[in-house]
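Look for chain A in each of the two complexes below; its partner is chain B in the first and chain C in the second.
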Partner chain A sequence: MTQADPFPLSAEAGARPVRRRPRGTGFKYWMILPAVAVILLIGLFPVIYTAMKSVQNITMFDQDFSYNGFIHYKTLLNDTRFWKALAHTLIFVAVALPLELLLGLAMAYLFLDRLPGRPIFVTLLVLPVLVSPIVAGATWRLLLDNRYGPINQIIGWITGTEQTLLWSVDPNLVYPAIILAEVWQWTPFMFLLLWAALQNVDQSQMEAAELDGASWWRTFRLVVLPSIWPVVAIAVLIRALDLFRLFDVVWALTKGGPGTMTETISIYAYVQGFQQFETSYTAAMAFMVIIILAVTVTIVLRKIEIDR
Partner chain B sequence: MDRRQFVIGSGALAGLSAVGWPRLANAQAAQKAVEAAQAFRGSEVTVVWEAGLQALDPLNFSGPMWEEATGIKVNIVEVPTSEMFTKILQEHRAGTGAYDALNVVPAWMPDLVRAGALEPLDSYVEKYGYGPELETIAPVYRDNQMKVDGTIYGLPDDGDVLVLYYRTDVLNDPALQSEFKAEMGYDLPVPPTTWKEFDDVGAFITEWSDGKIYGAGFMRESTYGALMFQERFRNEGGRFFDPDTMKATINSDVGVKVFTDWVAENKWMPKGVQTWGFVENLAAFLAGDTAMTVSWPPYGRWAAGYGTDTEALSWVPKSTIGGKVGYAMTPGGHPQLALGFALGVSSSSRNKEAAYLFCQWLNSAEISLQRVQLPYALRDPFRDSHFASEEYKSRWPEAPQYLQALQDGAVNGLLDLSIIQTDRYEEVIRQSVTRLWSGEDPKAILDDAAAQWDSLTERIGLEKQKAAYASWASNPAAYPA
Partner chain C sequence: MRLHPERGLGLSLRLVLALAVLVFFLFPIYWLAIIAFKTPEEIFAYPPVWVPENIQFANFLVLFKDGDAETVFNSLFIAGVSTVFAMLLGTMCAYSIARYRTGGNLFSDWIISNRMIPPIVIVFPVFLLFVTLGLVDTYTGLILLYTAFNLPYVIWMMKGYVQDVPLELEEAALVDGLNRWQVFVKVVLPMVRGGLFATAVFTFVFAWNEFIFALILTRNEVTTFPVQVTHYFGGQSNFWAKIAAMSMLGTVPIFIVVAFLQRYLVRGISLGAVKG
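And now, the complex of A and B:
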């Protein structure tokens, strides 16, 4: 009995040998196929479906499934409310994200040392992340209530005069109120990731820097930051995406008001899609947001890859 | 109501059914519904109901009664008012048949009918002989909250109307009255009948009492503010649209005056009134912090302490003003019939007949009288027989005056705006209210709102909307005569 040659040559003499894939190599692809299929079904199908709906004309009364061209995209480009909502969203990202990062980093540094009761403090700090965002928003609405809320009361004690700050109405206070609630809830998330990253920084490098007399800032910039950079980048990316679809806290606190002053993309999409039933228009909006986010994420991931 | 009270009440009602109904002409519709529903014994009907207190009616009272009488189980899906329209329409689009009966705000009915979500009810009304009892619903609800284009789609089931509540002890205080006359040059009106009088009295009380009691408090939060704007704007002579061109006219001088007056009023109202909703305003009034307010009928019942010792109303602050509250129509004399509910049947229901019969039974003269007297359920009198009920009048000493104020409101009330996609227009007003509280100029806000309305009209179709508005505006209850 002869063993079959796994790489048989062509029958023709002198012909170039044809390299064949070893038997069983394709098996690994078959193994991951179900998972890929599920991901495609869950992830890609809604995107394709959204794209299809965006070129139809489905409204509260019209179920027009025929091809309608790119009219909704054209309308969207001229929709000032959409661009304002996008700008409001970017403001939230631009302000809340650095705050969460810096506070999370500061807290992570603080908890690097083995303080007494550290596990209890860490558990307490993480609690806000476990709260549903809409519940967090409702809680902050109560906290900031001008009549019964403790925050006005505390400010009143500090200033010595009765305070009736209208956090959900006053244009000077609505953004701080939302950002306060958002930072309160999600800083612990940053803290957890950065805390884990900081614990993995090479201690020998830290000691070497210390022996060389490097300042804290220099050590952080040249030793710590490069080591935790991939984690920082991913944490920032996750939170940026979260903030980009900010809805719950804003809805609970201001419903996008006063007027549309704090209306985010998610809120505008909700209003258009589920209150006014502009289904196709909302699909166009969603698809445009998907494109913006996909491009942004691709660029960021590529940048992270390059930096590594 | 505890279980024991419920069982006794159900037994009494069952007894009344067996003995009294054949002799009571106005009980026939309920009896017919129960008899016809026997054919559906063992089935279930799922009903969309406003979340919270409203839902306690079918959960604690009418639902169990119906199940006991017919063997049909009632499932209640509680939905916040602000999401009811969305949920109903989404379910209709999905065609799941998840909802059988619906509570719908009458102003939404035309939109839901256009979307095909509501079942026409004429044939059921005819089949189960409900016509005569439908006729005894107070005319303003019967004529305006039941039909769309001549077809019945809802059974008016809630006499919502805004009422002016005022503290009789404060406004009738001789010292206040004499000082008011000395300063203002006319007798203090009890109650104020115009917004000018209301503002004079309210501002004077705040100043006179040195802030110990405010002249008035209001629900200024945008959801309520938008309804209050509709009412006051029309009472002051405003019109929503030019009927010829369909151009929005909410930015007229009247609209600007209403917004400007609101900002001025806030100065003599409690601090932070801009954020007040139903509960905040109620708490302030029941605590005796404000001398006047405008709200829906439950305020009057709770201010009198009616049923507030029940568990369901344990959250209502204890009234400190029982016996000291007067009821009247809102200034201008044409209160808004704000919101309200009608009972309808979902077009995608798989149990339409049973769903309709449950609605007929609920809405019947006999059962509805029991329901509007439930202290916690927020259903307000909507039949002539409710306003005239001796039983209801005996509920608290001032109940006769209360019922009279509600009936006056029903006779003189103004309908909510109801055109194609009304909510989109109302959303603009809601946003305008929030902009007003943020300090923007009233004229600029309303100019922008009018532009948005015009753009909406353009999008929906000018001629279509013009016809819808003409139909609505031709109703005597659309604008004050």
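And now, the complex of A and C:
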């Protein structure tokens, strides 16, 4: 073997291409260099920069670059608006995510067996996922308009009396409105993933379970769920992270209102950073969010791996 | 064919349910579309008009006349160029990781963890950085940001596709005297063509639909279409016709692109969790 290449020739065919260091491994580093440089600039730099700014005291009026200790973090701990924003965000995650998962699963079952026009159905159902979230929010604002929107009209038909529900203002209705828009846009995402996963469930195991007379629920729990679990886990993770950063739909529907009732973490950070120009305070908040996320995701991932 | 189809709900019942589901998910898009074509009288008719009497294009023409429609071209340019960069840099990186295990698992995990950081956290320091560098409200700024934002996704996806390429082909090419870069360009890239395509579509869609970065990092020179849509929100008097027409201008192109690429949908949307 004269070639000092990274690929094990026939002797190790089928083995993974990991290597005895070949000559000129510089290549593999040159290949990652540009990507890493860009990610460092826009991914890692901001995190470090945020951490730095968070212990200074920069506001719109005061460019104070001196070390200021952890004052902003202390303020943050006592900032009820921050904790409320966190709570609102978690409410959206806790309500919208299970809804999307269950509805998506139900839809996946609905379209699992042969159905006339199934490919067309599936393609059309995925359209909401492709709409820009800000457009989705705007669309629901039009749909939910108290006078010129069709939703109140439909509710009026059902109840028999004219309805003028103020979906984007009434404290009792803003949450349902936002969650409705979220569920509308992202249930198809869950559906698509679960539908694909269900098709990969081992049919022979299903048949064996049926022959044994196992109930539907038992078959689901013991055969189907273990098989689709990896996909469910990643779908839930993606959606949970997306919901945690929820901004666009709320922005379009309520802008966090009425008052600060539907303000999410992202919206509160936006207000502090780009409307109040509390640079250091926002930095502390951003860094806090990174820590909360990192800890949560690490714990969840550990948990999932242990469960397996 | 599945066993015991008769055990499930009856076919006709499932068909009715399927249609009901379809109506729920398509009705909002239908409503947006008809508002874009309605006259102001019909938009603000009470009770709401479900099927407009006369379709007219005035709402769109206004957007072109006022130059608002240019924001769609801004979106096209920014999303297009950043997609090309992200695909190029990301695929190179993915190849190195897939074939040489560069950086080990830790490096891969770090790459994907960048995807999890909420945009609002990134955008704040990036905004301050861009002010210093004079990149606020420039094509360069947004292109750079979207490239970086999409790189973890591209690397993650392309890693999967590169791993599917049979190693023997690359070995043969090396024996034939191609250097490693040539192997990458001439052997690997053609083999992962489908994956490149699928990944590029979703990279493009992310950049095209993105709102927070664009909201904060553009003023009026390079406004993208989602930001333009929100310019019409205003207290009591929303410019409904403009919101709807602008939204349609930004939505229809994506529908058309994806319609041609349905078979890549599942894998692309699921970060490769489902191999399709």
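Criterion: the second predicted complex is superposed on the first by the 266 of 308 C-alpha atoms of A that agree within 3 Å, B and C clash if a C-alpha of one lies under 4 Å from a C-alpha of the other, contacts with A are read in each partner's own complex, and residues count from 1 in each chain.
Methods note: contacts are C-beta pairs under 8 Å (C-beta built on N, C-alpha and C of every residue); 3 or more make two chains touch, one makes a residue touch a chain.
None of these values were measured; they are calculated from a predicted model.
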{"item": "Which superposed partner A:299 touches (first chain B, second chain C, both, neither)", "value": "neither"}
{"item": "Chain C versus chain B, contacts on chain A by residue", "value": "C"}
{"item": "Touching partner for A:38 - first (chain B), second (chain C), both, neither", "value": "second"}
{"item": "First (chain B), second (chain C), both or neither touched by A:274", "value": "both"}
{"item": "Contacts of A:192 with chain B and chain C, given as first, second, both or neither", "value": "second"}
{"item": "Touched partner set for A:208, first chain B, second chain C, both or neither", "value": "neither"}
{"item": "Touching partner for A:222 - first (chain B), second (chain C), both, neither", "value": "neither"}
{"item": "Chain B versus chain C as contact partner of A:77, first or second or both or neither", "value": "neither"}
{"item": "Touching partner for A:143 - first (chain B), second (chain C), both, neither", "value": "second"}
{"item": "Partner chain(s) touched by A:130 [first = chain B, second = chain C, both, neither]", "value": "second"}
{"item": "Intersection of the chain A residues that touch chain B with those that touch chain C", "value": "147, 274"}
{"item": "Residue numbers on chain B that touch chain A, as the complex places them", "value": "85-86, 89-90, 111, 114-115, 222, 270-272, 274-275, 280, 421, 423-424, 427, 431-432, 434-435, 437-440, 445"}
{"item": "Touch list for chain A against partner chain B, complex", "value": "60-61, 145-147, 164, 166, 168-171, 254-255, 257-261, 271, 274-277"}
{"item": "Residues on chain A engaged by chain C in the complex (per definition of touch)", "value": "3, 5-7, 9, 13, 17-19, 24-25, 27-29, 31-32, 34-36, 38-39, 41-47, 49-50, 53, 107, 110-116, 119, 121, 123-136, 138-143, 147-150, 153, 184, 187-189, 192-193, 196-197, 200, 203, 206-207, 210, 230-231, 234-235, 238, 241, 244-245, 247-248, 251-252, 265-266, 269-270, 273-274, 279, 282-283, 286, 289-290, 293, 297"}
{"item": "In the complex with chain A, residue positions of chain C that touch it", "value": "1-5, 8, 11, 14-15, 17-18, 21-22, 24-26, 28-29, 31-32, 35, 43-48, 50, 89-90, 92-93, 95-97, 99-103, 111, 113-114, 116-122, 124-129, 144-145, 147-149, 151-152, 155, 167-168, 170-171, 174-175, 180-181, 184, 205, 208-209, 211-212, 216, 225-226, 229-230, 233, 238, 240, 243-244, 247, 250-251, 254-255, 258-259, 262, 265-266, 269-271, 273-274, 276"}
